[in-house]
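In what follows, a structure is listed as structure tokens, so that the remarks can point back to it.
In this document, chain identifiers A, B, C, D, E and F correspond to the written order of the chains, with residue numbering beginning at 1 in each.
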Amino acid sequence: MSEQGNSTTNGKTAEGKRIMDRLEAGAGERVTNRLAELDPDLPRLITDYAFADVVGRPGLDLKTREMLTVAALTAMGTAQGQLEFHIRGALNVGVAKEELLEVIIQMAVYAGIPACMNGITAYRSALAAQDYDG
Amino acid sequence: MSEQGNSTTNGKTAEGKRIMDRLEAGAGERVTNRLAELDPDLPRLITDYAFADVVGRPGLDLKTREMLTVAALTAMGTAQGQLEFHIRGALNVGVAKEELLEVIIQMAVYAGIPACMNGITAYRSALAAQDYDG
Amino acid sequence: MSEQGNSTTNGKTAEGKRIMDRLEAGAGERVTNRLAELDPDLPRLITDYAFADVVGRPGLDLKTREMLTVAALTAMGTAQGQLEFHIRGALNVGVAKEELLEVIIQMAVYAGIPACMNGITAYRSALAAQDYDG
Amino acid sequence: MSEQGNSTTNGKTAEGKRIMDRLEAGAGERVTNRLAELDPDLPRLITDYAFADVVGRPGLDLKTREMLTVAALTAMGTAQGQLEFHIRGALNVGVAKEELLEVIIQMAVYAGIPACMNGITAYRSALAAQDYDG
Amino acid sequence: MSEQGNSTTNGKTAEGKRIMDRLEAGAGERVTNRLAELDPDLPRLITDYAFADVVGRPGLDLKTREMLTVAALTAMGTAQGQLEFHIRGALNVGVAKEELLEVIIQMAVYAGIPACMNGITAYRSALAAQDYDG
Amino acid sequence: MSEQGNSTTNGKTAEGKRIMDRLEAGAGERVTNRLAELDPDLPRLITDYAFADVVGRPGLDLKTREMLTVAALTAMGTAQGQLEFHIRGALNVGVAKEELLEVIIQMAVYAGIPACMNGITAYRSALAAQDYDG
């Protein structure tokens, strides 16, 4: 991160923030500001790498990618807060709440019932937080 | 599994086998026969529950479900053989190999580079096994 | 879950609820009602599959099964709330609190000290919640 | 491990080896010799701590403890070789093979179908290795 | 733990408590008293085994060992409270807060961004708790 | 990865390869060539992001970073091949084999004995592969 730390508003960073903002309005600025408090190069780990370079790859649309992320985080079971964020993000990029429930239920098969139940808890919280009308 | 063990060819079992066969020709019979050697009710755990009752739910198509399964198994990193099976299965139900590579690359963000690299190893094996021409 | 969704009070569902109620009075009704709010077929994932078809298999008694569940959830470390539920459930089906402590301590060997310590935290909470007199 | 490294045949070490030998004839000597090649204090991590101090606690019998270990290792899914060892060990201390299959099947509920299937693979290998007639 | 349970203040126990106290003043007494409420032999699992016998081994200094522990707990993602404890402990034995941040950021590569982000949350909490001026 | 895919030999990529080559002579070229077979932007995930941007950060030396990686991969238990690679890499950047053994033994406390034993297996393989004379 050393070389480009002084240009945190380059094209790739902007692209990453745009994707984050599609998931949650203002997320790009909010998340990067929080990380910049700790280290000036840290935000680029999220914006440039995670979002612009990986999630922003053209091979799959963002809606599909968010479903995959919800599946993975439900199965792993170690990042409940981020699972909630990505459930809200998935809703915001056009995944239907019924589809998200399917994603989470399917994880019962591959990661067990407790992982599915924790996913359902995150799903309820995410829907409540958004006052989502679907 | 006690009550219906004597009717392992009921409608739900047949439905589960049909889904398994879509993933890999003959998988329904092969997998259930192997499990039946151990316990007569065990195959239904796979056919009736995993495939008919969960994967067979109407809310998502099988192509999307296989992408979710590949995402989850790549992220979890504890079932390499089954990851290969589901990569082959995904190809067989219409996921493009380029899409599968995207699924696996995305997991680098959420589960780390080693999980992604192990996913790529499974991906190469699955493609080699199928002599897949895409 | 599609075919039998309209008969959620069939024999298998009732059997699953009976097992759940042995773990915690009223759990069968409470858990299934919560899940039915989301999807009419979802409760059967718990009642029919998890409890009737697997936990209800005759090969092991419920006391032993709950000890195994406490071991697994302590080792996995991703479902603290459900670990507490099953510690209370284990007490309710006759596992002595001293036996449960042994289960959790043993996990230090196989899953590490932090997993054991988190298990002990769940154990204390479960005992406090029940005002258990052992 | 520093203080007692020179007395690796003390009472606790002997007790640990006795327990290991109950799981598999000769395991105490074999495992500790292998570890002693690397560091003279290392074997005591297994004999004194894992087996004498934890598994050797009086609160549960060895048969129950091995079932718990098989449950935990099946659920965790990261130690296939050791899972096989403990399945053989469980058989050797009196767990019936049918009981072990129940333990592994139950893990499908709590850790997912792939964890259960990998447990079944270990179970088949362990039984084949022992030419177990049960 | 059976044989030496009556001498919980032996040399090894004292050594373990000394190491714990270096991580956090009073931790040795506080943690062991809490565990002794449950079982008289339980504290030795922490003092004698974890701290005296393993962490107290001479081959690496305590500062390095705490960095390794922070790496492992960040990567595992199942023991947030203990991660915070060891971040505070690392600071107390001389790891610079900038070094700890590096440890946690590095885990993004090996365990994924969510594990890193949860590590950063623990890092912020640990620093806030200590009113650390570094 | 879209924007800079056509300049895979830029400064950051070169820096990442240099770090990889310090871990294992030729690794930079070998690993990136293998990944480029699949997708032209994929190698940068490893060279630019993982190695140049994260592992290459100035806050910790490479020797310390490799010890952290060995700790994390041992604790996670899902990437045995990569654990071996990083044990060899750690030896190549100056970690003593005795220090690596300490790292792995310490993981017994935090991730359990099986994780430690699998780490020891990787350690033996890595040492055998290098014909390391230490």
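Odds and ends about this structure:
Following the convention adopted for this analysis, contacts are C-beta pairs under 8 Å (C-beta built on N, C-alpha and C of every residue); 3 or more make two chains touch, one makes a residue touch a chain.
Worth saying up front: this structure is predicted, and the values here are computed from it rather than measured.
Shared contacts of chain A and chain D, meaning chains that touch the two of them, come down to B, C, E, F. Path length between chain C and chain F in the touching-chain graph (shortest route): 1. With chains reduced to the mean position of their C-alpha atoms, the one farthest from chain F is C. Placing every chain at the mean of its C-alpha atoms, the farthest one from chain E is found to be B.
Of the two chain pairs considered here, E-F and B-C, the higher C-beta contact count falls to E-F.
Separation between the centroids of chain D and chain F, computed from CA atoms only, is 31 Å.
Chain centres here are Cα averages; for chain C and chain D they lie 25 Å apart. In chain B, the residues that touch at least two other chains are 45, 49-50, 54, 57, 73, 75-76, 78, 101, 105, 108-111, 113-115.
Chain contacts here are complete: no pair of chains fails to touch.
For chain C in complex with chain A, the residues that touch the partner chain are 35, 38-39, 42, 45-46, 50, 73, 76, 78-79, 81-82.
On the side of chain A, the complex with chain F involves touching residues 1-3, 11-12, 41, 44-45, 49, 53-54, 56-58. Considering their complex, residues 76-78, 101, 105, 108, 113-118, 120, 123 of chain E touch chain A. The touching residues of chain E, counted against chain B in their complex, run 75, 108-115. Within the complex formed with chain C, the chain D residues making contact are 49-50, 54-55, 57, 59-60, 64-65, 67-69, 71-76, 98-99, 101-103, 105-111.
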